[in-house]
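Chain nomenclature is as follows: A, B, C, D, E and F, assigned in order of appearance, with residue numbering initiated at 1 for each chain independently.
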Amino acid sequence: MVYLTRIERFNAAHKLWVTEWSDEKNVEIFGKCSNKNWHGHNYKLYVTVKGKPHPLTGFIIDAKKLGKIIRDTVTDKLDHSNLNLDVDFIPQHLQPTTENLVILIWQQLEPHILAEGAQLHYLKLVETETIYAEYYGEA
Amino acid sequence: MVYLTRIERFNAAHKLWVTEWSDEKNVEIFGKCSNKNWHGHNYKLYVTVKGKPHPLTGFIIDAKKLGKIIRDTVTDKLDHSNLNLDVDFIPQHLQPTTENLVILIWQQLEPHILAEGAQLHYLKLVETETIYAEYYGEA
Amino acid sequence: MVYLTRIERFNAAHKLWVTEWSDEKNVEIFGKCSNKNWHGHNYKLYVTVKGKPHPLTGFIIDAKKLGKIIRDTVTDKLDHSNLNLDVDFIPQHLQPTTENLVILIWQQLEPHILAEGAQLHYLKLVETETIYAEYYGEA
Amino acid sequence: MVYLTRIERFNAAHKLWVTEWSDEKNVEIFGKCSNKNWHGHNYKLYVTVKGKPHPLTGFIIDAKKLGKIIRDTVTDKLDHSNLNLDVDFIPQHLQPTTENLVILIWQQLEPHILAEGAQLHYLKLVETETIYAEYYGEA
Amino acid sequence: MVYLTRIERFNAAHKLWVTEWSDEKNVEIFGKCSNKNWHGHNYKLYVTVKGKPHPLTGFIIDAKKLGKIIRDTVTDKLDHSNLNLDVDFIPQHLQPTTENLVILIWQQLEPHILAEGAQLHYLKLVETETIYAEYYGEA
Amino acid sequence: MVYLTRIERFNAAHKLWVTEWSDEKNVEIFGKCSNKNWHGHNYKLYVTVKGKPHPLTGFIIDAKKLGKIIRDTVTDKLDHSNLNLDVDFIPQHLQPTTENLVILIWQQLEPHILAEGAQLHYLKLVETETIYAEYYGEA
């Protein structure tokens, strides 16, 4: 069993804001992340699939094909978007935190990886130089 | 003459949009950067001052003090902001491109660096992994 | 189950030296790391907690709060310190190797992470561009 | 149980080419990687061993010794080589993909790590800025 | 006057070999770089243009257009190539060292940058983690 | 005229301390950098030489030879050293700040670069992720 990782990137705006809360509570909990006029990040997404290398090609999955799947199903939709407003697979009631994004991205990617005969193993989403979230599809 | 550089960071939202232009022209010229709902970046700012090291301290300028000047006059205002809407030193008629930002940041920083007896030499503003702008204060 | 990582840094001096050994044996085993006058490193600490994102905030733990815990309990004590002499939670009889440090840092952090309702999952301590240690709290 | 990682590098040429296939099929499957005149990469190899820190030295394994093992048994043979033609432990019938290389490198390293009383835990081989393979010795 | 830099990448094989020299002399001068079976690198190319930001767009040059020029005239030809054999703008009698490449790339790029109304200022070509060449078009 | 850069590294301990000053003044001016028990850094040194590529070899200077000069005359003396106590070319009366170090390193390197028929152009010494000094040999 070998693991192959492909990295893609996207740049997006977002804010953290719970509509049920007062302005004061939002500022108290989310600090500068609650700026009503948005802020943004350069995100870096790691997608790891696992499997056995094919005896002839030596591939678990063609890394170029994996890159295209990631861009078509996830990063082209997220790139230069507003994560709170523009993305069909991010529900309005969920905060676009790195933790929530990594689960939502998994749900988008997994069927397309399986359709290629590979198995999605791991996602890492890096939001800043000092913060990232990881997910293994665990309930 | 020695050059000392201090790096600070900020995360911000922006869009590129010329109000005098039609929607079509904005999309044609700025592409995905014209998304009306904004997008964003993790910016990295390099500030270089020059001078002779002080014979006793070995400093051109105290790097901690330089960091504080950059944060107080520039990056605390830019961090988690909307560059089109929130920042007093970015005029509404200028696009918040990396090229324009680096000139505007120079104008903010220079008097504070001079007040410390040092000379501002160079700014670099990194917008993404593949794009950055530089400025030496040249007309 | 999602994993969230926060990175903090510190710069410190140390040496590797077993007092029960002769100078020759220390040099033989530890090489340049045994320099009696110390040497030092820029350390980079990765702290990973796990949990389920909160349904309202989307947080496992507030990353800013996690950063403050790491600085207050660990990196502010280690920064600009001598790891052999200055740090209350590093016992004199243990060498300040990356392997030992990562265990000692775990012991400092774990109760504070638990007090926030999160679970410490993983630590990585990077000593140089080519060497790092990892720990999962395993006996 | 603590994990210690040492990173080494090598630069090499390779191509992906199945001799049983026509030129057209090779180009269709491998794209630009099938260039008959070769192409190349700067590879970065992460080698992780696990164990308990020695009570006196604080080492799982001497990182300098680990570096020497990796260079002597693997990276000195791979550096400035042609991975299809020059390396005794890469069989001609296997494509030198990152996935296959990481398994072959494991087989080379494992006995030498065991001979030092440590346990090989993990390998990562980074081929480009956006692609890497990982292996835990799993069948 | 502001400087804008765009970074592109390519992976290629090459060797250093003076045909007028004996095998022994080639090995003596070029060491492992003279391996007849080639070796390779992941190259990273920085292209800096200078100019005044346009009053409406804030651009010196559209960074996306600059990226396309670099790929069309240089990096698409170099990517997955053999630098000694495959590239029309690298003469056979010149060694494909980083120093020579950066001059040859300048000659390719300059007319296309000028045609966009911008001025090529600087190139940096990074060959490995520890070696790079720079060129300002100076005779 | 082309510029070639070689990067080398060293890890060292130091402190900033003016013996003519009181303890209080040292702490006031140098903060945590004045810790009497030292602290340390992973330093990264960039050495840039300039010249014309040799018509046969394509070299300004053999990068391997340049690396050996840097290690022999500078970084082997600095690595795992105490910059205040152990290094013959750092005078006791000068603080081992990045600014002073970069001048002292220039004085060590220049004659050896000239002896190879090349010209030393630029040094960069990186002390932390956010601070570095540069020097062009200017008085």
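Rule of thumb we're sticking to: contacts are C-beta pairs under 8 Å (C-beta built on N, C-alpha and C of every residue); 3 or more make two chains touch, one makes a residue touch a chain.
Source: prediction; values computed, not measured.
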item	value
Third chains touching both chain F and chain B	E
Given chain A and chain F, the chains that contact each of them	B, C
Identity of the chain that, by mean CA position, is farthest from chain B	D
Proportion of interface numbers common to chain C and chain D (over half same, under half different)	different
Farthest chain (mean CA position) relative to chain C	E
Repeat of interface B-F, chosen from B-E, D-E or C-F - more than half of residue-number contact pairs shared	B-E
Distance from chain C to chain A - Cα centre to Cα centre, in angstrom	29
Between chain B and chain C, centroid-to-centroid distance (C-alpha), Å	34
Whole-Å gap separating chain B and chain D, where each centre is the average of the chain's CA atoms	42
Where chain F touches two or more other chains, by residue	129
Touching pairs among all chains present in the structure	A-B, A-C, A-D, B-E, B-F, C-D, C-F, D-E, E-F
Sites on chain A touched by chain C in the complex	16, 18, 20, 29-31, 94-100, 102-103, 129-136, 138-139
Residues of chain A defined as touching chain D within the complex	1-8, 48, 53, 56-60, 62-64, 67
Partner chain E, residues of chain D touching it in the complex	9, 11-14, 32-33, 35, 37-42, 79-82, 85-86, 128-129
